[in-house]
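Should a chain be cited, it is by its letter among A, B, C, D, E and F, assigned in written order, with residues numbered from 1 in that chain.
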Amino acid sequence: MNVVVPSETAEYERRVACVPDTVTKLRALGHTVSVQRGAGDAAGYPDRLYEEAGARIVDRDALDDAELVLAVQPLPLEDARRLRAGCLVISFLQPAENAELLEAFAARKASALSLERLPRISRAQSMDALSSQALVAGYRAALIAAEKLPRFFPLLMTAAGTVPPAKVLVLGAGVAGLQAIATARRLGAVVSAYDVRAAAAEEVRSLGATFIDLGLETLEGAGGYAREMTEERAIRQRELLTPHVAASDAVITTAAVPGRRAPLLVDRAMVEAMRPGTVIVDIAAESGGNVELSRPGEEIHHQGVLIWGGRNMPSGMPYDASRLYARNVANLVELLSKDGELKLDLSDEIVAASLVVHEGQVRI
Amino acid sequence: MNVVVPSETAEYERRVACVPDTVTKLRALGHTVSVQRGAGDAAGYPDRLYEEAGARIVDRDALDDAELVLAVQPLPLEDARRLRAGCLVISFLQPAENAELLEAFAARKASALSLERLPRISRAQSMDALSSQALVAGYRAALIAAEKLPRFFPLLMTAAGTVPPAKVLVLGAGVAGLQAIATARRLGAVVSAYDVRAAAAEEVRSLGATFIDLGLETLEGAGGYAREMTEERAIRQRELLTPHVAASDAVITTAAVPGRRAPLLVDRAMVEAMRPGTVIVDIAAESGGNVELSRPGEEIHHQGVLIWGGRNMPSGMPYDASRLYARNVANLVELLSKDGELKLDLSDEIVAASLVVHEGQVRI
Amino acid sequence: MSNGVLFAYFVTALCFILALKGLSSPKYARYGNLVGAFGAALAVVVTLTLHGLGHRIPIIVAIVIGTLIAVPAARLVKMTAIPQMVAMFNGVGGAAAALVSLDEYVKQHSVDSGGVAAAVVFSAIVGSVSFTGSLVTFAKLQGIMTGRPVVLPGARVFTPVLALASVGLGIAGIATSSVVLVVVCAITALALGVFFVLPVGGADVPVVISLLNAFTGLTVAASGYVLNNTLLIVAGTLVGASGTLLTQLMARAMGRPLTGILFGAFTGPTTAGSTAELATDRAVRSANAEDIAILLAYARKVAIVPGYGLAVAQAQHTVRELADLLEARGVQVFYAIHPVAGRMPGHMNVLLAEANVPYEQLKEMDAANPEFSSTDVAVVVGANDVVNPAARDLPGSPIYGMPILNVDEAANVVFLKRSLRPGFAGIDNALLYHPKTTLLFGDAKESLSKLVAAVKNL
Amino acid sequence: MSNGVLFAYFVTALCFILALKGLSSPKYARYGNLVGAFGAALAVVVTLTLHGLGHRIPIIVAIVIGTLIAVPAARLVKMTAIPQMVAMFNGVGGAAAALVSLDEYVKQHSVDSGGVAAAVVFSAIVGSVSFTGSLVTFAKLQGIMTGRPVVLPGARVFTPVLALASVGLGIAGIATSSVVLVVVCAITALALGVFFVLPVGGADVPVVISLLNAFTGLTVAASGYVLNNTLLIVAGTLVGASGTLLTQLMARAMGRPLTGILFGAFTGPTTAGSTAELATDRAVRSANAEDIAILLAYARKVAIVPGYGLAVAQAQHTVRELADLLEARGVQVFYAIHPVAGRMPGHMNVLLAEANVPYEQLKEMDAANPEFSSTDVAVVVGANDVVNPAARDLPGSPIYGMPILNVDEAANVVFLKRSLRPGFAGIDNALLYHPKTTLLFGDAKESLSKLVAAVKNL
Amino acid sequence: MNNIELLTVFMLAVFVGFEVISKVSTILHTPLMSGANAIHGVILVGAILITGVADTAAQLWLGLAAVVLATANMVGGFVVTDRMLEMFKGRRTSNTPSPDAIPAGKDGRR
Amino acid sequence: MNNIELLTVFMLAVFVGFEVISKVSTILHTPLMSGANAIHGVILVGAILITGVADTAAQLWLGLAAVVLATANMVGGFVVTDRMLEMFKGRRTSNTPSPDAIPAGKDGRR
């Protein structure tokens, strides 16, 4: 089958959906792989390596004959409109926000599989691109906080006096949050964290950090995710978090609820309660922000506090982010492939949940 | 005595030579402290805190009556020309490069103490600003390398496959280099290092990193510093280092020889031997650079390799850098103070070595 | 007896002490056993060559017969059936000792001192109890009868009555110099032996074997007293003392008081086995740190499989200590890291890096799996789902299809966890109940500390 | 003797065994000693009340005199002088045992069996050697004579001759039933004891005391044989055996073979003391891990002072293990971090953070210094310059003026380092030679591991 | 020996019996039990002695029965102990301890 | 007792003597030595016995001398051992071990 990997066109996107390693893997599954010229350049994978792995280097028109398109971001509308019938597109799709695109796929009788929709079951873990990219985001969030903070993370006792360790607060201890905790701890910071899920307390402690227990009830949603907060609880939570935020040198926020705007965890007053020279890294900035003042891709200075809003954070580490993403996608393709052909088995819960456009139908 | 702390005027300089803590200390020694309005702003020390510590907030004209001036960077010439006789200036001075400034001090019968010239004896460790600032530089160098590298530092075994750890090479294992090693190791990188001093091998290993033994003779200079390399040896060293550099994901260079141009450790060919997507952080860029292609304060992309040239690296973390610097300076002032008066005892080896202008004389 | 013979007996006693000493250290155990055998052989040969010994030929024939029965039995028995074999040998030893005392009593008909009389009765009763008791343990272990505690109706009253009766008969027999009464006493004791062991549950039987072994030792000492033979006294006492201590050690190792083992069936329902407290019907095998330490220390290749429990227990430094210790002993150790072990990607890497575990020792799943078949022991530290064979073998299981670490291919699997509770996925793990699996219950950090201490003590 | 008396003696023997057992564990040592004393008192009282004992009054007076001499001596002696006190007591015991045998010999004039004769000579010789040998050790330790090995000219030949002579005289005495010859034999042995101990160096004297102690034990056993008294045989043998083992353990703890201690002065020049290999004139006190472990385990407050050596040895995890162990025993532990310990600013912080030492346990210099005066033990792990009092007290020293950690204010200082070599600054550290300092030589990681093991074994 | 002397011997033997095995590791419980079991097979000496002076046929047969039983105890005991101890033969051999090597005491139910 | 029986007692006592102290920690070497030293003071029993049957004045004086010496050995030994062991009285007391508590064996030179 003809697999095509187009270059990403979105601004700030440096990842690529297929790396030379996974070219090899896809070919072993019986597919032919075409990669758009320069698609891997920004991620550190030059065309030469793809060729060595057995891919053809093509230009974007190859999309016309594609049977399987692998991408990171949703395809631009104009590309969707050139797909041939029966073609399958695998990428992040943000289906809730891209109704027009889904319609375009349906109109072309193309299928589309949204990686956001993969169920979080054990079998699907190796295809879980949300997890793998959240891993990258969490790691980078901690590094950025360390780099932006005008102080040391670790405790240092030196001839010029003792430098106390930085206090880092991580809000939201999902995949990204846990990785941020681990990374900040590695650098020597004193880390505490908060999350609404019941399991989070033990998970946070298993990384050697302190869990902040606000005494509020936990919010467990489906599939291991959190539920949305009521406004009342949100207010109470912010109130209780305020002293913790105010005492921190760096705050990293990672809270999310699938399919919703990110919960607001830190409002303006809380920022103003912080000391000057402190830093907030909000990796949920793109999906509405956990911090009232954060703007994706921007550094806001507010009363001496630096608020760093994340924008496509995994893209900041494109080489490994692409490697992980590409492997997720390749594992998914493996699941869908049979003897070199695609077989969309709707009785498989993974396919059923994530296939958002199929046979001319938008399935959500 | 009237101590004046002017704002730093140099570009990129965000540090300040006195922090509220050390105001208290200086006052305890019997001095009055005047801080220029906004001097600590960039470092995260607002005027309010200085006032609370008992400093007067003044404007720059206060330099006219200063008896002791504390600064980070060498004073601008015009400020030097307004000092009154007998005034002492303590700061980094780079005496070799600032002959005109020294003459200006001498002309005003002012004294100047260069922190670079402090002897590295045990007693002077608490005043050793070179060390404290190198500490900051080393830490930041590792963070920057981690942040710029498009891959992870640590090894991660995940559902999307295993990410190998980054290989980090540190060239020059002095104060900054050792701290860079420690920080990169904390983040999980596989670190190796090279230095010309004999003691370096054990020091590197004491941090859990690998020492690269090139089999060349060691170069021990005076005072625990290194000696300059002959050109012949420099070539041989680069030759032997090439495979190590080529195998690295990130290279951090920190080599320096006091009073000399930084030794050239990585030339263009060596950079070109590196894989695309790799990173070099040269914290010696300002003093000529350990890397042929580095430029202070710039990010150079050369054949896929990012070369990050450091420029005033401690300034990037001004809060703690200032805290350490200010304590160093305060400890020095304590040594020089007697009953609230300054007493320059030239029989003290610390004073003798670092006082570069005194009683109208340039002493070097 | 000549001084030469007595001296030979002395040497034998010395050999026995050295044998016990050797047997209590893994290094010298085998050697100790040989020394004991040498001593025993010496004593027998010297006795056989005694001047004036009658019936020499029949005796030698009897010895040959005994040997011909015992050696093949001991050589051919399956490893798993060794405990019942030991029980059997112990039983016949007890019988022999009782016979010797009785015989001497028959011969002298009446005895001169109260001490000797008491010794005769003692060895008749205790030897008989040891004999039939051992037979019952044999039957239980061999599966000839149920391994569950058997409490006959009225046993609670009947057993003490039987004990009193046999003592009473013995005293009466001595008092009246009656051979018949003493024989009847011995026969009563035979019944007593049966009732003594019946209520003991299968899992506790080995402790009882050890106790009966100590009994036999004391019987032999008593016989020695009757025969005025120092060797028998010393050897019997040695075995009696060490057997008693050993019984206690064994009971303690199982975490149960001796009285509970012996009489538990009368008092409560929890005697079925030492794992009764676990809320499961299937049996698991739990062991203590010393056992597992030996398993590890004498292995060639050990895999450490960390999971979320390692992180919860923050046992990363301790696990490394154990691995280092084993490596220092020449054991090859590697860490098998499952991609989703823990609760975040790379969780195990962060942990182990903190403990400075060299990266070279970490094997990712694909590299680790081919290793297990040549691995002697896989130590699963607080992991569960990632080694659950259901993911491989049980379509329909929620984790079916997830690749796992095939620890079940290792020769032995040791789990360190706190209970039989499942992990993240909430599903039971059949590997916990597998015959090649041993569990060490407790917090991972504590368990690992115990293992470290135990390995150091080897 | 009546059975009652014999039984009392039996109880005494039992008490002695329990006493030795108790004395070998820190927990029960005191109790063990009391049990021993009780047993001894029992035996003496029972003996005094023996029916038919003559000279009861003089005997009791003699006992009172002995007590009046011994108790004040034992109570008032300075702690540091206890070893010589023990030597003295041992010596008089040896003399007593020899006297008892001789007296019995004198009384019987000739002895019936060869065994008893041999026992008389044995106790005469060995008791005498023990007596004068102990006197010489006393003199050495008390400073009455030099502690250095004394090799009299010709001693190499003379000593063995003396030994042979005294044995020969003894045999002759027995053969001729001559009291005089046996007494002469004993007198020769007195001289032998002197020559035996003279060549032993002061540091090794305690080992010799232990050996003489075992000698006395054997003398007592021999006397028991002569008197046909089982209690004396058992007690004497117990002391002889445990004393012999103890002597070996002590020699091993000093890392020197027993023969080297006894005869080293004849063969080589290195007998002066166990620290002779250190290239220094000043004496240091080194100890082994067990001693230091007890010091630590029984302390209330322990300071750990890490330095560059900790980093070189990469012993951060082990030091934490030790600290955790001590804390678990209720000892208060803190880490005192000098600002320039190691080779880069914050070196110790990086290390200890890797081992996950809680930040709260770290005290910077200014916070740590006031703590030392209330600290029982400061353990200096691979640090040197940062605790060198020269920086405080010795103007002109290159490190003068550098603030240091005042570990010398702690009650005890323990250094873990590999040698007496100086640190970064290259200057000697007087604290190493201070009386309150103990050194544990070796790589810091290994030393710490040993300490961990030793503390666990307490 | 008189009774007190016997008591002394008995007491000493008890101590020796206790002390020599006081530090045994669990894994050796079963072999140690088995070895001790073989040792009390030395009753064979007693059996031989009484059989050697048997006067009546009954005594003889009783004695011979005791000899057979005691021999089985002793010989079988040492042999079976040796088999159990094979696992301690030495390190680096190919026969690694099997799960059976864990004393049955723990797993009577499997 | 005959000689072989004595030998047996002797052998058993040797084992007990060895075994009971085989695991002693270094810090207890000196107290243990001193305690053992006190134990052999039981020669006092022998001294009393011979003195009790002394026929001649010489024997009596010899015996009494032995009694005095043996008493000193026994009483002094137990008392001095007790003093040494004071440091083990219990934990959490204020008298922490002084450096003197380290056995002199290590530091004869200080």
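As a convention for this text, a contact is a pair of C-beta atoms (placed from the backbone, for glycine too) under 8 Å apart; a residue touches a chain by one contact, two chains touch by 3 or more.
Since this is a predicted model, take the numbers as computed values, not measurements.
> Quick check on the contact network: minimum steps from subunit B to subunit E?
Between subunit B and subunit E, the shortest chain-hopping route counts 2.
> Going by the stated contact rule, which chains contact subunit B and subunit C alike?
For subunit B paired with subunit C, the chains in contact with each are A, D, in label order.
> So if I look at the partners of subunit C and the partners of subunit E, which chains show up in both lists?
Chains that touch both subunit C and subunit E, as defined above, are D, F.
> For the homomeric pair subunit E and subunit F, should the interface be classed as same or different, according to whether the shared residue numbers exceed half of all numbers used?
Mostly same residues: over half of the interface numbers shared.
> Tally the contacting C-beta pairs at the D-F interface and at the A-C interface, and name the larger one.
Ranking D-F and A-C by C-beta contacts puts D-F first.
> Measuring centre to centre with C-alpha atoms, which chain is farthest from subunit A?
Here the answer is chain F, farthest from subunit A.
> Using mean C-alpha positions as chain centres, tell me how far subunit A is from subunit B in Å, no decimals.
Here the centre of subunit B sits 38 Å away from the centre of subunit A.
> Calculate how many whole Å lie between the centre of subunit A and the centre of subunit F, each centre taken as the average of the chain's C-alpha atoms.
77
> Just give me the whole-number Å value for how far the CA centre of subunit B lies from that of subunit F.
Computed value for the inter-centroid distance: 69 Å.
> Report, in whole Å, the distance between the mean C-alpha point of subunit C and the mean C-alpha point of subunit F.
Those two chain centres are 40 Å apart.
> Can you list every residue of subunit E that touches 2 or more other chains, as numbers and ranges?
1, 3, 5, 8-9, 12-13, 15-16, 20, 23
> Note the residues in subunit A that touch 2 or more other chains, in rising order.
Within subunit A, residues 125-126, 131-132, 135, 154, 156, 158-161, 163, 186, 188, 208 contact more than one other chain.
> Where in subunit C do residues touch two or more other chains at once?
Those would be 9, 17, 230, 234, 314, 339-340, 345-346, 350, 353-354, 356.
> Determine which chains touch and list them pairwise.
Every touching chain pair, ordered by label, is A-B, A-C, A-D, B-C, B-D, C-D, C-E, C-F, D-E, D-F, E-F.
> Could you please specify the touching residues of subunit F with respect to subunit E in the complex?
1, 5, 8-9, 12-13, 15-16, 19-20, 23
> Inside the complex, what are the residues of subunit A that reach subunit B?
14, 43-44, 46, 125-126, 128-129, 131-132, 135-136, 139-140, 143-144, 146-147, 149-152, 154, 156, 158-161, 163, 183, 186-188, 276-277, 304, 317-320, 323-325, 327-328, 331
> In the complex formed with subunit B, which residues of subunit D make contact?
Its residues touching subunit B are 308, 311-312, 314, 339-340, 342-347, 350, 353-354, 385, 391, 398-403, 425.
> Which residues of subunit C touch subunit F in their complex?
Listed in rising order, the residues of subunit C that touch subunit F are 3, 6-7, 9-10, 13-14, 17, 230, 234.
> Contact residues on subunit A for subunit D in the complex?
154-163, 165, 188, 190, 208
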